[in-house]
Amino acid sequence: MNLKMKHSTEIKVRGFHIDVFGHTNNARYLEFMEVARWELFDELLSNGYFKNQNLGFVVVNINIDYMATSHINQTLLIETELKKIGNKSIVYHQLVKEKESNQPICKADVTFCLLDLKTRKTIVVEGDNLKTIRSLFEPVVS
Amino acid sequence: MNLKMKHSTEIKVRGFHIDVFGHTNNARYLEFMEVARWELFDELLSNGYFKNQNLGFVVVNINIDYMATSHINQTLLIETELKKIGNKSIVYHQLVKEKESNQPICKADVTFCLLDLKTRKTIVVEGDNLKTIRSLFEPVVS
Amino acid sequence: MNLKMKHSTEIKVRGFHIDVFGHTNNARYLEFMEVARWELFDELLSNGYFKNQNLGFVVVNINIDYMATSHINQTLLIETELKKIGNKSIVYHQLVKEKESNQPICKADVTFCLLDLKTRKTIVVEGDNLKTIRSLFEPVVS
Amino acid sequence: MNLKMKHSTEIKVRGFHIDVFGHTNNARYLEFMEVARWELFDELLSNGYFKNQNLGFVVVNINIDYMATSHINQTLLIETELKKIGNKSIVYHQLVKEKESNQPICKADVTFCLLDLKTRKTIVVEGDNLKTIRSLFEPVVS
């Protein structure tokens, strides 16, 4: 299994992202990472696979390290990769870098569970569900 | 008809409300005004009257004047009053003041329509709907 | 004077832009319009002209019409044009459209003043300041 | 040392906190927790102690567990307590509960460092700095 492929998204820091300390507010990075995941999931969700299975994704943990600050007009690169698939959890690693200098700004592990929308219970990640989640990151030709 | 009663809400400016210019971001005032309207509408909506009628409120215009800036740790007072009820529109006037100095920060006219949620069309504001909307602002003893 | 040139920005509606009504929250459109203006102003500000003059822009009024709702995964097109330059004010008109259908979602007039950052007073828009603001919208070859 | 005192803040979930999934967006909880910390720090910062020392607080990690969803009009209680003071780090634990049912919604460890604003380097938490941070949580009479 190849989990090494990265998805990359660009976001430019705007005036309303900045807070009283003159740098990007810590909560905004979670929005940036959510943008990156939406972009990544667009494909996964648009074919309707998970909707047809009546399954949803639910974030159960975010562990984010703030390493440096970012500022107005900087372009950020958000790299998302699949880190681990556990029994009942899927962990994405997301790294936010300043594009020009390549300096790491923050990084997070974001843990999801697969939710059965009928029973509202989390389910084991296996079979076709597992294959479909992996497919987002595996190269077309391996 | 007495349209003079005011509803008042307090909000404290926090670090993440501030933007790159060092003062509260212009979009955040719309969130503050929405908080004030939710507080005001709590009563109106909690008795289920509009839900039972299958009616919703839809914002069609906001006209906001920015008069002064506000800053971290200032307490803002948002005063909301019913300005006008037209044939198909309800206009609230909202004034944001800095509490300590009483200085006006911004003010807006916010125009709503009543939406029939079945037909998705706006309807004339009359009869019991009109009475219920007015009741939020009329004094208990008039 | 040619005020007809439009600046255009694309933004995709994400999950966190949506509110309890299932469509984009009214305050988020102000963020979208601010993104469009930042993109437009990048050029104007990056050459340092206004900074060197110790001048800033201050929003004094936003008058926004909400015409239709937008939803998750829709791409919005924000068109910004210079509407009017008054004695002491500059008015931009911003139109948000759903890209695929071209349906208008909302539109706003956004009024700015030029602020002398030393005296904190607004100044008349004239001379080189006027020329520089116009230059953003005038065609290179007219 | 008594680290057991809790600080408690109330926030009501509003329409714009909700996202496309119909519950409070994960990034908004970071804003809620920041509100709680601002309230807590008001006292600490208002006496000017840290400003006089030319010291700032910088968030270096947030580890947040999402345990349940919250919804429009629910009142949330955010309890903040001092969890640990390390050599160079201060860890706050924040628990968000739904007020009426007392159900845990999410909880986070938020790790800060003390930043020397002149050198932009983090410093060891000791002496009067340590005492002042502890003082926020210690009972007046112990």
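As written, the chains take the letters A, B, C and D, and residue 1 is the first residue of each chain.
In this text, contacts are C-beta pairs under 8 Å (C-beta built on N, C-alpha and C of every residue); 3 or more make two chains touch, one makes a residue touch a chain.
Predicted model only: the values in this text are computed from it and were never measured.
Novice: Check A-D against A-C and say which one is joined by more contacting C-beta pairs.
Specialist: Of A-D and A-C, it is A-D that has more C-beta pairs in contact.
Novice: Comparing centres built from CA atoms, which chain ends up most distant from subunit D?
Specialist: Taking each chain's C-alpha mean as its centre, the farthest from subunit D is C.
Novice: Could you state the distance in Å from the CA-based centre of subunit A to that of subunit D?
Specialist: Averaging C-alpha atoms per chain gives centres 25 Å apart.
Novice: As a quick test, compute the distance in whole Å between the mean CA positions of subunit A and subunit B.
Specialist: 36
Novice: Would you mind pulling out the distance in Å between where the CA atoms of subunit A average out and where those of subunit C do?
Specialist: 30
Novice: Can you pull out the residues of subunit A that are in contact with at least two other chains?
Specialist: Answer for subunit A, listing residues that touch two or more other chains: 15-16, 21, 27, 31, 34.
Novice: Write out the stretch or stretches of subunit B touching subunit A in their complex.
Specialist: On the subunit B side, the touching residues are 15-22, 25, 27, 72.
Novice: Under the definition above, what is the set of subunit C residues touching subunit B in their complex?
Specialist: That would be residues 21, 26-28, 30-31, 34, 56, 58-67 of subunit C.
Novice: In the complex formed with subunit C, which residues of subunit A make contact?
Specialist: Within the complex, subunit A touches subunit C at residues 12, 14-16, 31, 34-35, 38, 42, 73.
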